[in-house]
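Same chain, two partners: subunit A is paired with subunit B first, then with subunit C.
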Partner chain A sequence: MRTKLVFVALLAFMVSPALSFGAGTVSGKITYTGTPAKQKPIDMSKEPSCAKQHTTPVTTETVVTGANNTLANVVVYISAGAPDESSAPAQAVTFTQKGCQYIPHVLAMRTGQELKVVNADQTSHNIHPLAKVNREWNKSQPPGTPPLSEKFDKEEFVPVKCNVHPWMHGYFAVLKTSHYAISSDNGTFSLPKLPPGKYTITAWQEDYGTQTQDVTISGSETKNVDFTFKAKPY
Partner chain B sequence: MGKLFAVIVFVIALLSAIPIITHSWFGSGISFALPEDISTHGHAIDDQLSDTMVEAGLSFLAAQFVLAFFVWKFSNRQANAEIKTFPGGAKGLVIAALVLVGTEMLALGILGQKAWAAVYFTPAKPDAIQVQAQAGQFAFYFRYPGADGKFGALHPDKIDEGNSNFFGLDPANDVDSRDDIVTGELAIPINREVHLMMHAKDVGHSFYVRELRIQQDFVPGLDLSVHFTATKVGKYEIVCTQLCGLGHYNMKAYLNVLSQEDFDAWMKQKASEQ
Partner chain C sequence: MKSASKRLAANCALMLAMAVSCLAQEAHVGNLTGHATEGKKHYRRYCIGCHGPLGDGNGENAQWIDPKPRDFTAATFKCRSTPTGTLPTDQDLYNSVGRGFTNSNMPHWDALTDQNRIDLVAFIKTFSPRWQAEKAGDPIKVPAEPPVTMESITHGAELFQKMECWKCHGQQGRGDGPSAATLTDSKDNPIRPYNFAAGGDDSRFKCGVTNQDVYRIFMTGLDGTPMPSFADVIQPNDAWDLVHFLRTLQTNRHSRENEVLKAAGGKIPTKAPDANPPAQPENKGSGSGN
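So, the complex of A and B:
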């Protein structure tokens, strides 16, 4: 009996901060209808140091699907209604070039947040984010170079390519809000710690574009918001 | 001092002859020699190279020996010696030299025209295997027409490397392009002619396979092509030999010469991956 009381007290203590902020959560799942295009094989034979790191065939990652028609690598974020944000977090986000691929394929970050670019390969890479709103840059990174440090000041979805290896491709999702998530391998996402209010939630997929939905959070509820994209066969 | 210089000229001429001699009279396997020829047209080019080497090599040696001889003979200048002019002036000799060199060049050109014409003035046979090559910074890609035997149209605005659309195909609207096979290696069957149609998407590049004796530039905006028949199974390096930017040193692909059966299996495998 006493143990039970202590447990309940402990639970209440843990939950209380969330309750005191009245924080709600938006969570959901990203799915698609139709047939997505078959991902193309990537031939890395010209770069043996990368090719030997892969035991299974490498393909493009334009559309990454999971079981039950779910979509991974979709950026879900609050595009309107989010409270004023404090400055960017001090912690840097990391974008790694490994096996001549970008890890992760889609990297989300805050405006002004430090971005570290790591070359974990035994070959030179040349990272080139094709920014249009932000300043475009293009930096060579031979093997053994310490991580590059960069940041983006404006909100933008920036395609990233390697000038040396044409198959390498990824995205930076630079967002004004800290309320963002990237859908997992099974298509799920969660945007926690939302104060009560009316929000516009946007989901972005690199090939299928964006979708938005409005949601109102009152109190500490969890609202379910699902997105369904129409797949393109080619 | 003058005699020493004459000897040095003589020795340099002899040393310079070593690569010429090894190139022309020894088989592959030693430095300076050409790599093995795996093409049907390559022997004509090798013969031409040998002719040029022998002719230019002998002229070079003769010129150097004459120079060394004159340096030796006239090196002991007395304090009161005068610089003599060539008896009768050098005009005749200069004209003779020009005619000699001109004849040499012309002869090489006429002889070499045959090797050149076999590749450039003769079209590929109608049953040659059609392959397209796309060169871009810094990789080569190759396209086969697939089961329908037809290449889909090219739409440069649709080129999307991140999506592996290196040629700019439009499969959503263009049925011909749906079964096109795009690969990073050039696989070809042995003893069959290949007609390689070449495009560059950005800057000048070059297609060079030493063993094929083929080196052809890609020029953006021009439809260039070469045709060849490989005669030996194996994997050979295709390298870019036009400085094309930062990653030029790393721009290469592989030519994979396969038996007809292996080629068919390879094609089937690649078709299933598209």
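So, the complex of A and C:
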């Protein structure tokens, strides 16, 4: 029984890289209809070391739009049909606190992948992921301290905040797949290296929720999948 | 097909095992063993009004209470000996039931017997599956306390600045720092930072009265609240200096720290403010100070 399990695991391990690097691609664009809520200005005057880093007004980033009704910061990923992946990528993802903002505002990562949190500011931040499925933790990171290293074991969209600077909000998108992308400033995304198969593609926007579409990839084709979210006016 | 049905059977066996172990949940402190089945009886009598039948903190009294009763289904606890993000030990929960929570509606349940309390701990652990899937964290080690000296208090005061404790707690520790008014707990309820200066000899911290308790509070953080863990950024000796300084913020409480401070003239010497506090990459931040 045990040896059989090990054998199956080994087989899966050997096969999965071949499976997960196919030649198909799903790409597309994220747009919205309606009028998104106006982003609120952020007043950093209580934290001069951050305020002086910004030459232009800073606003919230709940909804980030581009030209022609496009949406940035949308997480697009394969929620069903992707081959199981044996282990998380060895390379860490980095979340930087700079100018009392999170860079990037939405950070996607694999379950089990190392997350590095960097404080590039001259002020203390506390990193407080309000996880519900994963463990909630809360750590202080004064200026000049080395990056924190963490990981999340379960799939979840985790809101992150800094209690010291209440305007700082961000998201960790912890996914079971490494087939994910975050829409660019002009709303585009691309999920390459897909083997032939039937997939469910999910798009997640922090304020507008999720949408899914099914797509079938055969061979080395590129399929276009666009998502349109209905904007919340407030 | 065969492997699928086998997996299903394995899953069912696991769920059954979990359900059984859930009913048979135990808690251990010293030579006491708590049983969830017993704890349930006490819970329904003493705790249900606030914490609710589902343990989610939505009992019928909850709407009148601030801060809100603990939601046991989240298994997130303020007072722990264990690192942030980990489950508390049975001892931690047992201590909390006996101690109560200052500045809240949670009384100290010293009317209950030790056995009642450990039974309650066992029952509280049935509200979240985390207790089946995870072990309690390894308690943070608290080294022996060094003597209270003016040097220690002074260095603690410097740390209070450097770690920016004052951003929430205020320069005098009165809970009135610049970020204080904006704080919310993990359920978005407003929450106040601890006011060290309130009260006299009855001035108590939320998670205990000893200096060891104070040490633990900022090293573990109070999970579910804005208070973070400083375990990664404060060295053990520095932590004791901070404890000694924090005690002097309890201005009306008799303490060794306040005696030492009084004998030294009642004033903590302040260094000239740093002209340009530089970032110290990769340097753990312990280069300055003493």
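Methods note: the second predicted complex is superposed on the first by the 212 of 234 C-alpha atoms of A that agree within 3 Å, B and C clash if a C-alpha of one lies under 4 Å from a C-alpha of the other, contacts with A are read in each partner's own complex, and residues count from 1 in each chain.
The definition used in the following text is that a contact is a pair of C-beta atoms (placed from the backbone, for glycine too) under 8 Å apart; a residue touches a chain by one contact, two chains touch by 3 or more.
Please read these numbers as outputs of a predicted model, since none were measured by experiment.
Asker: Determine, for the superposed arrangement built on subunit A, whether subunit B and subunit C clash or fit.
Answerer: By the criteria stated at the top, subunit C and subunit B clash after superposition.
Asker: Contacts for A:Asn163 in the overlay, against subunit B (first) and subunit C (second): which applies, first, second, both or neither?
Answerer: It touches subunit B and subunit C both.
Asker: First (subunit B), second (subunit C), both or neither: which does A:Lys46 touch?
Answerer: Both subunit B and subunit C are touched by A:Lys46.
Asker: Contact-wise, after the overlay, does A:Thr123 reach subunit B, subunit C, both or neither (first, second, both, neither)?
Answerer: It touches subunit B and subunit C both.
Asker: For A:Ser140, is the partner it touches subunit B (first), subunit C (second), both, or none of the two (neither)?
Answerer: Both: A:Ser140 reaches subunit B and subunit C.
Asker: A:Thr56 contacts which: subunit B (first), subunit C (second), both, neither?
Answerer: In the superposition, A:Thr56 touches no partner, neither subunit B nor subunit C.
Asker: Go through the superposed model and pick first if A:Gln91 touches only subunit B, second if only subunit C, both, or neither.
Answerer: neither
Asker: Would you check which partner chain A:Asn68 touches, where first means subunit B only, second means subunit C only, and both and neither mean what they say?
Answerer: Once the two structures are laid over each other on A, A:Asn68 reaches no partner at all.
Asker: Considering 135-143, 153-161, 207-215 or 261-269, which region of subunit B has C-alpha atoms that clash with subunit C after the structures are aligned on chain A?
Answerer: Only one listed stretch clashes with subunit C, namely 135-143.
Asker: Following superposition on chain A, which residues of subunit A contact subunit B and also contact subunit C?
Answerer: Common interface on subunit A, subunit B vs subunit C: 46, 123-124, 126, 140, 163-166.
Asker: Show which residues of subunit B lie in contact with subunit A when the two form their complex.
Answerer: 136-139, 161-166, 171-172, 178, 182-185, 245-247, 250-254, 273-274
Asker: What residues of subunit C sit close enough to touch subunit A in their complex?
Answerer: Interface residues on subunit C, with respect to subunit A: 3, 74, 76, 84-86, 162-164, 167-168, 178-179, 182-184, 186, 221, 223-233, 277-285.
Asker: Can you name the residues of subunit A that touch subunit B in the complex?
Answerer: 38, 40-47, 57, 60, 62, 123-124, 126, 140, 159, 161, 163-167, 169, 207, 232-234
Asker: Report the residues of subunit A in contact with subunit C in the complex, numbered from low to high.
Answerer: Its residues touching subunit C are 8, 46, 122-124, 126-128, 130, 132, 135-146, 148, 163-166.
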